[in-house]
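Both of the next two complexes hold chain A, though its partner changes from chain B to chain C.
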Partner chain A sequence: MVRFLVKRLLSAALTLFAVSVFSFLMFFALPRDPVTGMCPKNCNPERLERVRQELGLRDPLITQYAGYMKGIVTGRDLGSAQGGRCDAPCLGWSYVTNEAVSDTIARVLPVTLSIVIPAAILWLLLGVGLGMVSALRRGTWLDRLAIGFSLTGASLQLYFVGAVLLLVFVYNLRLLPVPSYTSLFDNPVKWASGLVLAWVALAFLYSAIYARLSRAQMLETLSEDFVRTARAKGLTKPKVYGRHALRAAITPVVTIAGLDVGGALGGTVITETTFGIQGLGRTAVDAVRAGDLPTIMATVLIAAVFVVLANVLVDLLYAAIDPRVRLR
Partner chain B sequence: MDKPASAPSGQPGDRPGVPEQRGDGPYLRVSDLRVRFATEDGTVRAVDGVSFAVERGRTLGIVGESGSGKSVTSLAVLGLHDPKRATITGGISVGGRQLVGLPEEEIRRLRGRDMAMIFQDPLSALHPYYTVGRQIAEAYRVHHPRAGRREARRRAVDMLGRVGIPQPAKRYDQYPHEFSGGMRQRAMIAMALVNDPDLLIADEPTTALDVTVQAQILDLLADLQAEFHSAIILITHDLGVVGQVADEVLVMYGGRAVEQGSVEQVLRRPQHPYTWGLLSSVPALHGDADADLVPIAGNPPSLINLPAGCAFHPRCRYADRTGGRSRAEVPPLGPAGEAGQLVACHLTARERTLLYREDVAHVGVAR
Partner chain C sequence: MSLSPVEGVALAEIESTGDGAAPKAKGFVGRSPGQLAWARLRRDRTAMVSAGMLAFFVLVALAVPLIQALYGVGPREQFQTRLDGFGMPLGYAGGISGEHWFGLEPGLGRDIFIRMVHGLRTSLFIAFAAAVITAAIGIVLGTLAGYLGGWLDAVINWITDLTLAMPFLIIALALTPTVALRFYGQREAVPAAFQIGVLIAVFALFGWTSTARLVRGQVIALREREFVEAARASGAGLGHMLFRQLLPNIWAPILVSFSLAVPSYITSEAALSFIGVGLTDETPSFGRMIYRSLDYLQTDPAYVFFPGITIFALVFAFNLFGDALRDALDPKSSR
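Then we have the complex of A and B:
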């Protein structure tokens, strides 16, 4: 088990290294000069050259990459034009927003976490619950209702669902305030009431997929021999379904959930835009629009970190669920 | 109404509320059992009027090709069919209690305690995510709710030892994939016997195993039967296995019984052309190694659309001798001449004796 863990963490570190190299190279592979995006319009050549110097663009690539990495790990000095000393994890300086990229991230990352984590809990409970119920009640009206629900969820778009939710709950019924972000630690009630519509919209769309997936998995598992064995032992239905069938049916759901949550943590652009909340996703899109390369790189790197972490977590969960995995 | 762990099984009256069996009547009595499944393509008559009985300490072998209804019969006895899909009529009496029509919860209390089952492929029949010991202990605890974790563990380790698994206390904590095929089947048997069931149904218990291990498992079953004095149903397509352990034999074809009798009668003096076919297709160990086997021509029939008349007639070499009756009438299961032997065939007893001697007696294992 320890060896398994070490192996997984090593390969995760390797993946992250590769992503950091690629996102760094992207900086240079882009067709336009990185510097033009970083200074306001009508930059004179002297100013451009100064920015180049400040960014270290005259240095060899390796040196630049080493500097960037050093900044992330120990922090570094960016020079007076870029805010001076930049503490770890230093992700560079943005000329567009005129602040350290790490400050921007520190502001928007909690927003995305606050949107995605509660939504993920909600969609997993709802999706797997619905899938279970409809598998066990196959062919009944309950099953058809659940299938209808998931078909609706799968075919709708988030901006539509979000707009309808906003219209009904905020503008017509006036039950909820206009969505906004408040820190959970400042005011939990405001935090929840400002984000609940985003959670519901995300959960509705995502749970649709999970309901279908877990229904199919559950139906497949119910026809397994070991479920029949469990019944032949005289186990009660809750034990047969809950302990024997669900545990086997849940494994593929865990995989998909890891990918989805990891991906969503990298930014939920449409959700953030629909509800007018500035999270990681919108920040990334804004950065792309403005050609704000240090911010783009940071968002790419963070999204990659989440995906890789989610995958490590999935592997650990897998090993916890299925003893055969631990052998590999 | 939980059975005390230490009570000797099989004593009439040790279970309040269950009518006492009279004398040594059969522990399991199945009468005119019919199992039907409604499907989109029509009704599947998986079992169509089968009757048999098994006494304690005796073994009934049910023989037939896949799709003959043998597994469906055993699942019906355990009440494992989905009541929404399967219609079951007839009688299933276990220890004097009528199971057909009993609420699911009451059958559940009997399952695993009074009647238990061993499945064909122990790798897929054991849950891959739980330790072998835990699965056995779980089977014990569900019928002994007052038994603690430790007691269930002790009992499971004890059972693992009794089915011949070395180092049972260590093996308790291992997963099915860490067991060999034969050991897995032993564990499966330990799980089935953990509550001292009076009826044990073994559905092809040796099919997935090496031939050398097969014999060990069959010996183990016989030893345990002598010890527990349980009634056993052994489902198989392997006549060699039947000859080794069964006392009585039931041959099924297309959901019906085509021949029934003692193992001596059915294997030595078989009466039905289908049984002849089964015997002719098993190689003999002695004599000419090049002698041809005679397989049964054709395929097992579809249970949705059974051939009219005798279901076996399209594959029967002697169907023409009955003057069209084999196509028109279902032959009733009736006395075959010898006491206790039953056969469902339109041929006369004389014809059968003659044909067997001429065509069958010198082929394959029948010799």
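Then we have the complex of A and C:
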């Protein structure tokens, strides 16, 4: 178990290292001059040159990369033009927003978390529940309804569903305020009412995929020998389905869920754009529009960290859920 | 389906494992797996309806110049006279009329129908091109990794993991303008063909992983089978092994994954255009139209529905057809 964990974490670290090198090369070393986007409107050659010096763009690439990485681990001194001392998770200084990138991230990350975590809970419960019920009631009207729901949901687009939800609940019925983010700790009611449409839209589309997947998995598991054995030795149906079949059927669902949740935490770009909520995803879009390289780099790295961590977590969950899996 | 010697192998495989395979007596018609799948597909009503819808969409996309000539309106023409003082189209439901079937865009007054027809063509072209390229890359890397194994397998696997860890949307978002700036200046207009090329390249860069995984798994399952061993013993080269022995046996899952990849690229293209990378407003596209329509949700709600419902119908038809294809190609399928 410990050996597996160490091995898994090492490979995750290696992946993250490769992602960081790749994105660093892509953004800082591509022939496009990274400075053009960082310089305010009235730019003259001297000022450009000064920005280049401040950013250390004249140094060799390895030095630049090492400096960036050192900044994340221990913090570093960026020079007076970039806000001076930059503390431990230092992700650089944005010339566009004129603040440390880590401050921007600290502001928008809670927004994305508030969108994704409740939505993920909703879509997992709804999707897996629906899939299980329709597998156990195979061929009934309930099953057909669930199949229709999942086929429709899997073909719908978030921006369209979001637009329709906005149109109905905000503009026509006026039941909900225009979506916005309020901190959960300031005002929980406002927090929920501002984000509920985003949760519903995400949950609707994702749960369609999960319903389909978990129905197929459950059907396959139900035809396996160990389920029949469990029934034959006299266990009740709820025990067989809930404790034996569910645990075996749910593992592939957990894999996909890990990837999805990890990916969504890295920025729900479409959701945030549709509902006009400023989270990690919108920040990335804005940074791309403004050519704000330090911010783009930071958002890519954070998104990758979430995906990789989610994968590690999924591997560990496997062993906890499915008794047939032994970690080595 | 022609009965090449290779397919004969596949047929023998199925007959030896399939239960109830009738002995070949006189009067029985031998059918290849391809023919069987085709017959099953023909009998499936959902498959036929969705195939009809797809054929309609593809026909419309192919006939764009003809439709434009008959319809008499171009995608960039503006009809400002048919808008009111606030830039809202006159008339009901976004200005639907005999001349403008789906109404006009608020603000610029461009015809929605002809823009959607053009958008459909762009969308289908990008999706098919990306699906073909990713399938090709995935097949080559997947068969190589699965058949040769060893360090090559380890390397390809690691690259696959790495690609999956990259946040696709954000990297695509960051990469497309960077690439465009590499070739064109800050203020130069980027031609539509270049934007489309970049989109396809980005999809190819990130999309091959699922096909590669699928093919690798299938090849590993086949690698130790007798017919592969027999071919190897007869001195078959690597190319012959991969393309004449292994590939013909796994074309069914590849075809299914291809048919499900096309709609996913349609939605990805729309999503990228929606967040403002990929195609610019000059090139008509569904994603761009929906993005613009969000500003007019309150004042002109009809605008969002035309592109929204069309893209839903398109993806829905593809998904239905892909599922039906999977059922038809699965020898274990009961239908």
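Assume the second predicted complex is superposed on the first by the 320 of 328 C-alpha atoms of A that agree within 3 Å, B and C clash if a C-alpha of one lies under 4 Å from a C-alpha of the other, contacts with A are read in each partner's own complex, and residues count from 1 in each chain.
FYI, a contact is a pair of C-beta atoms (placed from the backbone, for glycine too) under 8 Å apart; a residue touches a chain by one contact, two chains touch by 3 or more.
Keep in mind that what you see is a predicted model, and the values were worked out from it rather than measured.
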Overlay on chain A: chain C relative to chain B, clash or fit: fit
First (chain B), second (chain C), both or neither touched by A:I321: first
Chain B versus chain C as contact partner of A:T273, first or second or both or neither: second
Touched partner set for A:K239, first chain B, second chain C, both or neither: first
Most chain A residues touched (candidates chain B, chain C): C
Partner chain in contact with A:R231 - chain B first, chain C second, else both or neither: first
Inter-centroid angle chain B-chain A-chain C after superposition on A [Cα, multiple of 10°]: 70
Which of chain B and chain C A:G129 touches, first, second, both or neither: neither
Smallest distance from any CA atom of chain C to any CA atom of chain B, in Å, after fitting: 7
Interfacial residue positions of chain A with respect to chain C in the complex: 15-16, 18-19, 22-23, 26-27, 30-32, 36, 151-152, 154-160, 163-164, 166-167, 171, 259, 263, 266-267, 269-270, 273-274, 281, 284-285, 288-289, 291, 296, 299-300, 303-304, 307-308, 311
Sites on chain B touched by chain A in the complex: 78, 80, 108-113, 116-117, 119, 121, 124-129, 138-139, 142-143, 175, 177, 191
Sites on chain C touched by chain A in the complex: 161-162, 164-171, 173-175, 177-178, 181-182, 186, 263, 267, 270-271, 274-277, 287, 290-291, 293-294, 297-298, 301, 304, 308-309, 311-312, 315-316, 319-320
Interfacial residue positions of chain A with respect to chain B in the complex: 224-226, 228-236, 239, 244, 247-248, 321-324
